[in-house]
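Naming follows writing order (A, B, C, D, E, F, G and H), and every chain is counted from residue 1.
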Amino acid sequence: MSEEQVGPQPVAAEEAAPASAGRKKRRRGRVHVFDNWCKGCGICIAFCPQHVYEMDEDGRPVVAHEDQCTACHWCDVHCPDLAIVVTDVEEDAHGGTTDAGQ
Amino acid sequence: MSEEQVGPQPVAAEEAAPASAGRKKRRRGRVHVFDNWCKGCGICIAFCPQHVYEMDEDGRPVVAHEDQCTACHWCDVHCPDLAIVVTDVEEDAHGGTTDAGQ
Amino acid sequence: METNDRYEIRLAGEGGQGLILAGLILAEAAAVYDGKNAVQTQSYGPEARGGASKAEVVISDGVIDYPKVIAADLLLCMSQEACSKYVYGMKKNGILIVDSVHVDRVPTSRAYMIPITKIAEEATGRRITANIVALGLIVGLTGVVSRKAIEAAVRARAPKGTEALNLKALEAGLAEAERIRAEAERGQSVPIRAS
Amino acid sequence: METNDRYEIRLAGEGGQGLILAGLILAEAAAVYDGKNAVQTQSYGPEARGGASKAEVVISDGVIDYPKVIAADLLLCMSQEACSKYVYGMKKNGILIVDSVHVDRVPTSRAYMIPITKIAEEATGRRITANIVALGLIVGLTGVVSRKAIEAAVRARAPKGTEALNLKALEAGLAEAERIRAEAERGQSVPIRAS
Amino acid sequence: MAARLMQGNEACVEGALAAGCRFFAGYPITPSSEIAELLSRRLPQVGGYFIQMEDEIASIAAVIGASVGGVKAMTATSGPGFSLMQENIGYAAMAEIPCVIVNVQRTGPSTGLPTKPAQGDVMQARWGTHGDHPIIVLSPSSVMETFLLTVRAFNLSEKYRSPVILLMDEVVGHMRERVELPPPESLEITNRVAAHVPPEWYFPFEDPSTDVPPLAPFGEGYRYHITGLFHDRAGFPTERVDEIDAWIARAFGRIEQHRQDIISYEEDVPAGSRVLVVAYGATARSARHAVKLARAKRYKVGFLKLETIWPFPEEATERLARQCKRVIVPEMNLGQLALEVERVVGRQKVRRVNLANGEMITPQQILAAIEEK
Amino acid sequence: MAARLMQGNEACVEGALAAGCRFFAGYPITPSSEIAELLSRRLPQVGGYFIQMEDEIASIAAVIGASVGGVKAMTATSGPGFSLMQENIGYAAMAEIPCVIVNVQRTGPSTGLPTKPAQGDVMQARWGTHGDHPIIVLSPSSVMETFLLTVRAFNLSEKYRSPVILLMDEVVGHMRERVELPPPESLEITNRVAAHVPPEWYFPFEDPSTDVPPLAPFGEGYRYHITGLFHDRAGFPTERVDEIDAWIARAFGRIEQHRQDIISYEEDVPAGSRVLVVAYGATARSARHAVKLARAKRYKVGFLKLETIWPFPEEATERLARQCKRVIVPEMNLGQLALEVERVVGRQKVRRVNLANGEMITPQQILAAIEEK
Amino acid sequence: MRRYEENRMYRYLRRHKKFPNVWCPGCGIGIVMGALIRAIDRLGWEKDDIAMVSGIGCSGRMPVYMDFNTMHTTHGRALAFATGLKMVKPKMHVIAIMGDGDVLAIGGNHFIHAARRNIGITSIVINNSIYGMTGGQYSPTTPTGSLATTAPYGNIDQPFPICELAIAAGATFVARGTVYHAVELDRLIEKALLHEGFSVVEAVSYCHTTFGRINKLGTAVDMLRWQKENSVTREAAAKMTPEQLQGKIVRGIFHEREFPEYTAAYAKIVEQAMAAQRKA
Amino acid sequence: MRRYEENRMYRYLRRHKKFPNVWCPGCGIGIVMGALIRAIDRLGWEKDDIAMVSGIGCSGRMPVYMDFNTMHTTHGRALAFATGLKMVKPKMHVIAIMGDGDVLAIGGNHFIHAARRNIGITSIVINNSIYGMTGGQYSPTTPTGSLATTAPYGNIDQPFPICELAIAAGATFVARGTVYHAVELDRLIEKALLHEGFSVVEAVSYCHTTFGRINKLGTAVDMLRWQKENSVTREAAAKMTPEQLQGKIVRGIFHEREFPEYTAAYAKIVEQAMAAQRKA
């Protein structure tokens, strides 16, 4: 696991753009919310550009649409409780994924 | 006694120039050193542009050449002990003096 | 010796649940509107929200010296932690009310397990009114202050513009208490006493 | 009981006259070079220069407990104010030395009136060495420390580069003391004791 | 006035306003912040002045400055801020400037337990600044008493030209209680004595007719000097021993000679009492509760509740303790005022009950001490 | 070593250096400034650190910071600065950080008499910060003792992880006296105990084997937390009563249990003494002088010179006072340590001799008290 | 949990002990903490070499969570404590974490003096324009006109321009970021950490619990959104009129300058003194 | 003596009581006092309406000599005391007299906060680059490299640029003069006194007794002469290169700006609150 690619991978642009469709390998993310730490502030839900999260009845995030995640890392970078980990995976042309860098 | 003319009369220029010879009434000063307050720092002696002061054996100023005083007020303005009062007098064409403004 | 007619209430939960406000309202109902003596004290941690928070109210017809709860006549627990911590500091016949939304382990079978937060949400659409629902329950189940008094106190102390909302919450709590009492009278096995 | 062989010296004048340095040198002469006990204390006001200033030195073969002057065996006054203030705090046979340049009113006729500052100026060209001239006088007139000791102490404590100058001042003081003693021996009426 | 449910900190605010306080400078700190918050709203309403300063040092300084301007002034803080104020409290004592400092005590030392009660600053209130200085310290045990002692704090401060410390604790400060405030006109309010001589004759630090010379406000014709240095009667720095001794004698004397007026307490010591409980602040409530429990058990117990803690009520303590075998001093600290009680009644007699972990001492703990032996 | 004429402040510097002090942060103030001035020259010569901070609050803070870095550290000040340091002295006590605070006392309160001596900060040294806290205070009476007690201050500070206050006075600080410093190798120097367990096992605030847990310097593998809040054994904030009580018990206990080691004094009380003079600091010299005068007059007088003043040497005072009818406590204040003496021996026995106007108490004044009655 | 173990971020946290943290849900302080961790991680510094010193306030709680040598000092004094530590451990990376009240109200003096000395400490000023921990009293950065619990009629004080003040006082690296621009923030922090002298990063955060509530600015989400919409980079700002800039937060590096770092300068003094000593 | 009675200057002095003053022969503080008196005299203000508040230091002794409402406070705190006084006596002319150590070392925080509030106090900062009263320890304005009793190897600190700091902190009138240019100084002080908000005049003085002695700069006369030769007006400075400006004291008004004065802004709050009260 290369040190560079693991963990929160902030993108240079603050607001993540959807991964460009033209690229061969689309970047995708596996999204984990550490429930014990999450306080349900709603930031990830409100700001995820891909609307990956939905809110449960307690106001907490549910990773409802992981497949839409572009691994832009907005959410894990901004979660005030460090309760989100987004792991980069790569989707090959056929839609299969591998953990990036593994 | 007009308020404007009495008391320390600072000149606008920091370093006093000798009163211009061309003027009709030459400005002159009566110089008083309040001995009880003077601590003999030597500032008046060192800086009086007209060398009005001389130093006595204790290092204290003696008003030795009052006639040379141009009432430039450098000395009373700078005496750290407020021990000098220079009073403006005017010298008329004949050399007689009057207290200015009285 | 007036120290014995004290009624001691402890409201325990987390910061942000409005327990101190609830205690204040209860005390004001007793002191201002029912004309009794009442003292309200509080205990909270450094957190602005979250963290343990506790309000205590002592009500008495006589002078109240020690202002804190010695052994609660009534304990309200709005968090698991509070429940675990305070359940043993009750009078023998003390009443335990627990918000079943937040608490699932209660070390006694003799408690009112009531989904207070849910009732609040249903009644007012706002979970934050759970504290006032709890007040309704407390008053309804114990009668420690009069209904009139608690209504007046809620009206007076509710943040401006939220009076109606909070009165609705109070109403919901009182109604739930009514229901429980009725069930108990009907002999339903509602666990009602903490040992 | 060693408290009685104390020799108490008070040097009084104004800030800036170097009296504390003089006291220090005297104490060092006694303590380091004569091997006695010596304590030097000081008292001064808030002013950096001017204002009352005082140094005291107690010299003893035994232990020195109270470190200040109780009643001076020797009093040096370098200002009028000091003289007026301290002249009464002397032992019966105490020696009073006064700088006649600074002091003109001495409430006793039994004093050494010596133009110390003038002697300093004449000897070294620097009035500021009056303190060292005074030391020479004190040692010359009392023998409270040895000549060797005071010379060593002056040499050690004089600001770097001024050793020679200060030794000259000391010399002048010692010489003046010599002169006075000689005169006294010759029966001249030098007022020598403060009452 | 109608009954209200009022918080201790609020009662302090009401007391201050009733006493005529028109200036507050402070820096927020738990558990005192409500005092500042309430005054920030209330003072402008009555034409008074509120300012939040950059720290507590500045706060007490501004309070003294305002008082010199002739306005009754106060600040409020808790332990950490109180520590920072010490230098300038000494200044107020030295310059004899009236002002009230409220310390709502929390558990220390250091940041300690910011939201928990204590009585750990009792000795500090007396000795916190360097050098000997006169001071008055009051400590309330209820919301009503907070109101009354705040008024008294201002009165004593103005009357004796002394800083007065109101030593509250988190329990009393945050407690809400039923109170009926007395009507304003029923309150006795003391204002500082105005200078009564022409400026040329005025000495701010000596007056032949009284040990508390009038303090003329700045800006009203009495131009004089104030300093934290030892000073003569005109206020100018002095190093003269006679003038310094005169200041010491007068400054301490005026507190000493008016002990009767300054010291207040409540005694409930039936003849034949064997045990005396001495308490103050919130702990006095536990103590009174315990005394009642003990009496119900037929113990012969007396109770002395102190309102003034400095100057320490020596006479009362000694008088009431004389007949008793034991004196119990419960405090939310590790034994502070108990030291004075021991000094006055003999330490063999004294049983301390202490707790400094953020909890109140319970009546049961005191009762246990009463029942001992 | 050869005899030297040395000033008290200089002896303090030499003592500090001998004890291993390698950090000084301070802010100038009469009559302590010589300590800073000398150290600004000397510390760099031995590879140590000197910094003049923006004020006294910062000075004591920097001292604590440096000590956390593993370096023996001190500051020096006088009354006004000492008042400002109070909050952070409490922090050092709470966080158990060794450090030495020198207070060369001048006459207070407030700016007072900046160049004159006093012993007005004795109670402040004990009680100046908010909340109960353990503390050690030493007070020298001679230049030699200043050297020795400075060394002791560092030793005790390191040994007990406690702030130690060296309470000097202007007389001792500015006095020059003949001293022969002991050879460095003859001095007993205590260094703080190094952490002896691997980091995972290390608890900076609890050690099963000792009441003074080792303090690992920052940066050496022991990553832990320090706070002024009440904390658990790992240093993290806690509000748990059991953990707080444990801290209190250990922090005070370690001073209490080592009283024997911490307390030092000199007694000279011949059997049959009727009067005991208890003194410390510069006043002890007047007192010893007076005792000699009195004995010469055949009075039966004992003398107790205190070096440690806090914790107060109760046992010694009580033991020595027992046989005496009267105890005389001369102090350059209005009666501070006398309060403790009164508490311990009963106040009827105690005769205070006080002066707080900038002058030393003379032997004659004490003698007069001995001769009374 | 394995996932989290793997993540580098969590290496820097005292995660078994202290989480969830003490802050309100959504508080920006946590975002600053994340940015700081990323910056440190990129630098690859040893945890043992890092000291984190804080004052009192919500911000001041941060060190509790970080697996460094951490010290939570007294209110306002973090930089003074840090100065002592940095002096004796000049090779340590000393980071001071301070709230706006902490560092600019009670601690203002230590701030300007640490800057003046140019001592090698990185100051992270978490500016939420309010005293968060004590419940919403106005701070030296509360905007004029805003409400606070001690400014019920609106604040009449001017706020400090933190960066300008730091520059005037002598700081040699000064930058400002916002928590919304969290990635940019960690880059700024990284640069500050690398800077030799005294560096300041003003991290503009928010406190919805007090300031937000009183001023009716909504939730954490709302306040974050506000930041997004109301801040511009220095470069963009350069092209804007003063009117357009009104009320905007300008982000970027404002000052970077060479001047001898304090402990380095002091080391030279020691060298000199010891050399002289050896000679004598 | 009649002469002196006549002189207006002496109307402002407590001349029967306290002279000669406490300062060393030749100390520049006395020159500042003269300048201040001339400024006040020209303004024709009533002595009763003037309060003078000082801290501790040689400079702090000035109020003793002046026949106003005078207050010699604690070291560093003059502005905090003055703030309280100004609040309750907004019509009084409150002047704070402070030494460089007083106002910038221990008192730095009060300085920047008084500036931030823009409270109507005139600060006269007597900058002699040293702690005079305590005997020559380095101050926050001691030049880098200079000697002091606590900097025997030369000072390694940067000095504060007082005027820049005041401006950054929020002061609305900021000027610098020297005691050599004493007449100019009194004009600057006069303008500062007339300014509504917080005004600062840095009066560059000297301390020959400590700084001068240690750094071998000669007598008061020498140090005055140095000032004469090493200072330039702002206008002249504008035409000089940075190299030419090296080590020069620049004199003049550096900042003048309109912003509501604090007590005036507060008066509006009171108005508003009282009006609301009347309504209710």
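Please note the rule applied: a contact is a pair of C-beta atoms (placed from the backbone, for glycine too) under 8 Å apart; a residue touches a chain by one contact, two chains touch by 3 or more.
None of these values were measured; they are calculated from a predicted model.
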| item | value |
| --- | --- |
| From subunit B, the most remote chain by mean C-alpha position | C |
| Chains most often in contact, by C-beta pairs | E-F |
| Rounded Å distance between subunit A and subunit F, as computed from the means of their C-alpha atoms | 60 |
| Mean-CA-position distance for subunit F and subunit E (Å) | 29 |
| Distance between chain centroids, defined by C-alpha means - subunit G, subunit H (Å) | 32 |
| Distance from subunit G to subunit E - Cα centre to Cα centre, in angstrom | 39 |
| Residue numbers of subunit E (touch at least two other chains) | 41, 44, 54-55, 57, 80, 87, 91, 110-111, 114, 116, 227-229, 237, 239 |
| Residues of subunit B whose C-beta touches two or more other chains | 39 |
| Contacts with two or more other chains, residues of subunit G listed in rising order | 20, 23-25, 56, 72, 74, 105-106, 108-109, 113, 135, 140, 153, 266, 269, 272-273 |
| Subunit H contact footprint on subunit E (complex, rising order) | 22-23, 25, 41, 44-49, 51, 53-55, 57-59, 61-71, 73, 87-88, 91, 218-229, 234, 236-237 |
| Touch list for subunit D against partner subunit H, complex | 16, 46-51 |
| Residues on subunit F engaged by subunit H in the complex (per definition of touch) | 27-30, 33, 36-37, 40-41, 44, 50, 52, 54-56, 80, 110-111 |
| Subunit C-touching residues of subunit E, taken from the complex the two chains share | 2-5, 114-116, 171, 174-178, 282, 285-286, 288-289, 292-293, 295-296, 360, 362-364 |
| Touching residues (chain side subunit H, partner subunit F) in the complex | 56, 72, 74-76, 105-106, 108, 131, 134-135, 137-138, 140, 149-153 |
